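Chain lettering (A, B, C, D and E) follows the sequence in which the chains are written, and residue indices restart at 1 in each chain.
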Amino acid sequence: MDLYVPILVLAVLAGGFAIFSVAIAPFTGPKRWNRAKLDAYECGIEPTPQPVGGGRFPLKYMITAMLFIVFDIEIIFLYPWAVSFAPLKNDAGSVLSSGLGVFALVEMLLFIVTVLVAYAYVWRRKGLDWD
Amino acid sequence: MSPWLPILMAVPVLGAIVVALLPKGSDKLAKQVTLLVSLVVLALTLVVAVQFKTGGPRFQFQAVYDWIPSFGVKFGVGVDGIALVLIALSAVLVPIVVLASWHDADGTQSADGTLITPKRSVKTYFSLLLVLEAMMIGVFAATDIFLFYVFFEAMLIPMYFMIGSYGGAQRSYAAVKFLLYSLFGGLLMLVAVIALYVVAGKNTFMFPELVGAIQDPTTQKWLFGGFFIAFAIKAPLWPVHTWLPDAAAQAPAGAAVLLVGVLDKVGTFGMLRFCLELFPDAAKAFTMPIVVLAVISIIYGAIVAIGQTDMKRLIAYTSISHFGFIVMGVFAMSQVSQSGAALYMVNHGFATGALFLAAGFLIARRGSPHIADYGGVQKVTPLLAGFFLIAGLAGLSLPGLSSFVSEFMVMIGTYSSSAFGSGALAVAAIVSALAVILAAVYILWMVQRAMNGPTAESVKAFKDLNVREIVVLAPLIALIIGFGFFPKPLLDVINPTVTQTLVNVKVDNPAIAEKGAGQ
Amino acid sequence: MIPVLATDPTLADFGKDPLWITIIKAVMLFAFLMLCILFGVWFERKLISRMQNRFGPNRAGKFGLLQSVADGIKMGLKEDLFPRTVDKVLYLMAPVIMVIPAFLAFSITPFGPMVNLFGVRTPLQLVDLPVAVLFMLAMGAISVYGVVLAGWSSRSPYALLGGLRSAAQVVSYEIAMGLSFVGVFLFAGTLSTSEIVKSQASGGMLGGLSMPSWYVVLLLPSFLIYVFCAFGEAARIPFDLPEGEGELVGGFQTEYSSSLKFALIMMGEYLHTFVASAMAITLFLGGWRAPFPITAFWAGANEGWWPLLWFFVKFVLVFCFVVWVRASLPRVRYDQLMSLGWKVLIPVNLAWIMLVATIRTVMYVKNGEAGFQGSLAPVMVVAVIVIVGALGIWARFDTVNQRRKEARKAEVEAEFEELSDEPTAGGFPVPPLDLPHYHGVQHKEIPSGTN
Amino acid sequence: MLLVFGAAVVGVLVEAFAPRYMRKSIHVPLTLLSLAGAFALVIVQVVKGAVPTAPVAMGAIAVDGPSLFIWGIILVLSFVCVLMINDEGHFVASAAAVPGSADEEEAEAAGGSHTEVYPLVLFAVGGMLMFPASHDLLTMFVGLEVMSLPLYLLCGLARRRRLLSQEASMKYFLLGAFSSAFFLYGTAMIYGYAGTVSFTGISKALATGSLLDPILLLGLSLLGVGLLFKIGAAPFQAWKPDVYQGAPTPITALMASGTLVAAVGAVLRVFWVALGNMDWDWRPVMWAVAALTMVVGAILAITQTDIKRMLAYSSIAHAGFLLIGVMATFDKSLQNSKSLSAILFYLLVYSITTVGAFAVVTMVRDPGGEAGHLSRWAGLGKRSPILAGIFAFFLLAFAGIPLTSGFFGKYAVFAAALASGSEAGDSLGGWMTGLVVVGVIASAIAAFFYVRVIVLMFFSEPAADGPSIAVPSMGTVAVIAISLLVTVGVGLFPQPMLDLANQAASGLFIR
Amino acid sequence: MTTHYLVLSGLLFAIGAMGVLIRRNAIVVFMCVELMLNACNLAFVAFARQNGNLEGQIIAFFVMVVAAAEVVVGLAIIVTIFRTRRSASVDDANLLKY
């Protein structure tokens, strides 16, 4: 647990700084009220009011998000595999634990092949083309 | 292992398939084929009947094949006396019905040209008829309870369709009512059957082996209940009789004959064979309430019948009354009464059959089942009126006609059944005697209203019976009169079985047995 | 083998500091970062202007050293605009959310070996975790929330789009980045930064000759990919699409016109750049270790406080590289950006990882370290399939899509041609191009003053 | 199973590379072949008698008699369902298009079709195979999801009545995810109790540990909720009618048959293998659930006016009947195997009949798609007696009339239940009989609405603008023929199938 | 220690379940389901700690994968229906009634 104490400390520092500066901003600055200033900036034209909860946006972003999820999961699987893949050696060079070895390699290969299939499908169906 | 009974069942099935496969438009051919097949069956049945040894073992012509070993279900058939006569009954009735309902399917027109029943598929009708016959034979012949149950339920379907698509205005309502009643009873029976199998633990459904398998009285009572309700619904016993009038009234005459004449017998038959022999103690325990029910339905049926304006409904109610007699006879547990009951099953088949058919012909001429629409028929069509009268008299069991014998036996048997609580039984017998008078009332009143009196306009155009119709009615009347004077052959066949039954039920009172035999 | 390994901190050395040491270290780190930002900005502007033959900031202080200080103060003193439409809470929270994780991401950066700090022997690194690198990635991801929220809360189409874009971009490059680390883990066998640095001390022996120790040499492709991703992740030119002023004004920070909030955002982005460089150093460039030649003749180079120097040097150099790139490369198009991330980096990465893994396996099997008997042929086959497959997909699809695009373009052009031949074809009122006065024929001068 | 998954993956590749016009012609054979191949493998293994007695794949999958049998059923079912899917007009041209919008018409005109359907179906089938055969809760969960996720999507792909379809898929998805979350939490609890998720381990832990541990009970109930949801037992049946009605009919058929089979298999595994040692604990609950399910299914079905909804409710009722079988546990393994074989047999006959029934439903068309509303079926017996006759036969089979397969199924299950009730020292004893009676009453009620449909078809005059009977494609004909054959054949001579079931069940589950 | 985690996960689960039952926006419902799944993860890991075997953590991995898959599928469905209906409210989904 106490591994995280320092992080907490740093977080407190950074957070303190950030909040402070956000909080102080209104007081340091002058106040010259001007209607136009308070409008959303749209190159000078009358701002189109955005609906609460953000406007509608291209579905594309959502697809990207989904793809990200898929591949992120893949990474989730890759990390432990990679870490425990190598045989562990101490400084003297003697083997502490022989790595997962060939079996793991083959497994991961198959896994990646499977992912690649989905990947190819998405690609082919223009899931990856932006425009 | 005698092949007779399987053949007996196979023939109509094959016939049905043939009929069903006939090319379109060959209606007449279909009818002829059906008639032929049913006659063949009749012939075979007679052969079997002749070979039946009266003194022989209880079940003859036994044939047992494995069907579903893992359930311990066998395809086991074999007939004892009662089953035999009932099979004979159905075998006799079917060809008659075929003839009788020659035109039922192809749209009947009333005198004034209004369409009574629209045109329907003739082939379907007759193949259904044959299937039904096969199943009737099967249900009586089955010695494997499971098989019995299968036929018992499967029988509903063809009858359901016959009523449902060939019946009168209310047909679909009647059909559904009929099906659901019977199905419900059947399912209860299914539970009982399974339970019987499980409890007996003999890994078989064969009737003879299961006799006396259940000793524990409570279990017996439950299982008895299961079976009895099914049968009570089947042989409409008050208060679960209400489907019968609808079904019988809506069914085409032929179907109605089979329904009342044969199907319902399955109920009483089942009571006699299964309820009694499998669960003797329970049967004894329940005798009183059941007899009471029987008496109620005797009287109730008779009284309600009097009030009917619709011929078919009237006849249906009369048969409810008659079934009351049969049930009473069965549960009076004396040689005489049971023989009487068994005999009654047959006779009632003939009598009611004749009555239904006569009424059917009458209705076919006028198109209306209401008694009020007729009057003075006998002046126009003496023959029809005559047959109608005789059938009606058979219905009220006039001495000299077959049903008299049986009814008399039932009453005597019940009256003198010293089996137990005899006093009560005697009372029951006496009360039921009232029904005879009531019967006279409703039959004669109907006849009088329909046949005598001033001739109604609509009746004037009637034609008398044609040859086909005579051929239909004559044998029935002949049988009625014949067995009326000479019931012995039937009784000879029936008695040993009844004795056996009583032995299984463990009530045997030789004295009455003597008397019963002496009748 | 380098004998100084003894001073290398391992995971075991962390979480032991007394609280005050921790606080001191935290404060030191914080201060260091603030300074880095102040002078980083100045440094960048100076360098880039030099590259462009300009002077850059030279007013405030000597060489304009105080330029960014002045900027900060100015920002503090400007009016704090608070647009009417914004979602107040989130609008305020966004910058904070952006900054904090950026700071935290630094906490796992190793600056040096065990040193003696006020009599306490402690590693020169705020903290190290078993999942340090993951922690770094996580922080990077969290700060994306800041961006998205900033864009979303300030209800303006530009901001919204900017936020989404940056989200999509960061997300896409995060994958490639994560994959590029896998190679490192394959070798280091751990996620803790300090141990990764340690494992870069020597690359172990392969067939007698000592292998190069820095992973940049060993895993060049991974490193290159990482560099790409670093730019994408930190949204630096050429990948600074989120605030591509060309298309969407200020991107997600459009509504943060100018005040300390804006300053925070700027800080956040700079910090990301720094984190990226620090990670590059830690994972690929041997961390705080002295570069090869030095260690050759000076054994003490990796002890005590010296490594801090090496680290800082490397740090500055990497930053210079970043600036250099900014100075020399144009901004890419968004679709180019995405397709680079998805269609090039990922498959190449996968292929590379598998290649590395296979080689490693072969190595172990040769050295008999992995308890494995039997032929490697099948493994090889599968590996080859994967690699070829990955690259094949990449090659084929890219060409196919390329062809498709070109075809479409050709179509459009053809249509355009046709339209220009037949001006009214498009249904637009196109003025005929040869109107007289365009050619000055019969051009009549209208003297001024007449009407 | 691997074969199926592999084929599915290949299917995706085909999807990716094959040009649009020839995709279908590649997919259909691929799918069918892979299913047939898998079935062949199952057969081979059975014939070889090489039924392993220990779970394979690191104890993840238990390939024992029952699972092989269930696999066989599922593969056959999915095969016929694919035949049904194969013929045109069930699936939307472009799922993304807004219904009734221009681009949808465009897609229709372009004759575009989602050939992803086939790989999806394959994945679903793979999940179905994995679900009942899994030997630890994790594998079961994964199988559950692999089975469900494609189905969620497939539900939304109906060509006509898009809104209904999409809605169905949304409901199915939300509720399905909900239930699987329950399942998972139950798994977590049981893991916490037993320290493992493998069934063997769990039953061991149960054998030794205390059975009143709240964690265990909580886990048990949550697990139960998750599973019962999948088989659509009351009170978790709400999704079934909606989904069945909304989904494209072939998919409905697949769900009604395959999913049910798989889920019941899984239920059996969990409750018999893992939790077998505490049956005194779950059987009373199961009693209530089963009774409720049957009654609810039967009664609500009466009020339905849509044929598919009616079938859905009937399948709920049948799930109840199956639960009766699930409860029929004994101390002696021999009888256990008896009731197991009863359940397997029931599954077989019921699912085949179901597929047939839905196949018929697909053929009765309105201009706007299938003629869902019952009133449209009036007088079908006159317009096309054969079709109506077949359908009537299926309905009778559902109702369990003798000489149809359904009857023997019911019989077997009831018999098993009664037997277990009459077992000495059985915790429920007479209650089992009560349950069977409830079942009987329920099936009488059920018979009522089946019969009502028959009445509608045969005894009432056809509507003037009655639905047209689609000219059946070979596939559909084959489906109907197959299921009809099975229904009749098993109805007359159930012995072979029973033998098969017995053989499969003889080994019971791997413990 | 474990109990604390369990209580937390139980709470999360309950919150999620409640949300599913009472919230009306499909997406919110859906997020609640995810919340439940994560509660399960928490429980698994906690138990893994308690039982001292890795199984729980491995399961957690798988659950993550499944959850991801569910997210993808679910969002796809919800978005489709949203495009059709312009509303993601479960109450508006009322075409299917018995």
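By our rule, contacts are C-beta pairs under 8 Å (C-beta built on N, C-alpha and C of every residue); 3 or more make two chains touch, one makes a residue touch a chain.
Treat the numbers as computed from the prediction; the structure is a model and nothing was measured.
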(request) With chain D gone and nothing shifted, sort the other chains into their touching clusters. (result) A, C, E | B
(message) Taking contact as defined at the start, I'd like the list of chains shared as neighbours by chain A and chain D.
(response) E
(request) Please find the path from chain D to chain E through touching chains that uses the fewest steps, and give that number. (result) 1
(request) Identify the chain pair with more contacting C-beta pairs: A-E or A-C. (result) A-C
(request) Report back the single chain whose CA centre is most distant from the CA centre of chain D. (result) C
(message) Using only Cα atoms to place each chain's centre, name the chain farthest from chain A.
(response) B
(message) Quick check on this structure: which chain has its C-alpha centroid closest to the centroid of all protein C-alpha atoms?
(response) D
(request) Could you put a whole-Å number on the gap between the CA centroids of chain B and chain C? (result) 95
(request) Take the average of all CA coordinates in chain A, do the same for chain C, and state the distance between these two points in whole angstrom. (result) 12
(request) Averaging only over C-alpha atoms, locate the centres of chain C and chain E and give their separation in whole Å. (result) 33
(request) Go ahead and note the Å separation of the Cα centroids belonging to chain B and chain D. (result) 43
(request) Name the residues of chain A that each touch 2 or more other chains. (result) 72, 120, 123-124
(request) Would you tell me which residues of chain D are touching chain B in their complex? (result) 341, 381, 385, 396, 399, 401-403, 407-408, 411-412, 414-415, 418-419, 422, 433, 436-437, 440-441, 443-444, 447-448, 451-452, 455, 458-460, 493-495, 498-499, 502
(request) Quick one: which bits of chain E touch chain A in the complex? Just the residue numbers, please. (result) 61, 64-65, 68, 71-72, 75-76, 79
(message) Quick check: in the complex, which residue numbers of chain B touch chain D?
(response) 66-71, 121, 149-151, 153-154, 156-157, 161, 164-165, 171-172, 175-176, 179-180, 183-184, 187-188, 190-191, 194-195, 197-199
(request) Please name which positions on chain E make contact with chain D in the complex. (result) 6, 9, 13, 16-17, 20, 26, 29-30, 33, 36-37, 39-40, 43-44, 46-47, 50-51, 53, 55-56, 58-59, 62-63, 66, 69-70, 73-74, 76-78, 80-81, 83-85, 90, 93, 95-96, 98
(request) Spell out the residues on chain A that touch chain E in their complex, using ranges where they run on. (result) 59, 62, 66, 69-70, 72-73, 76-77
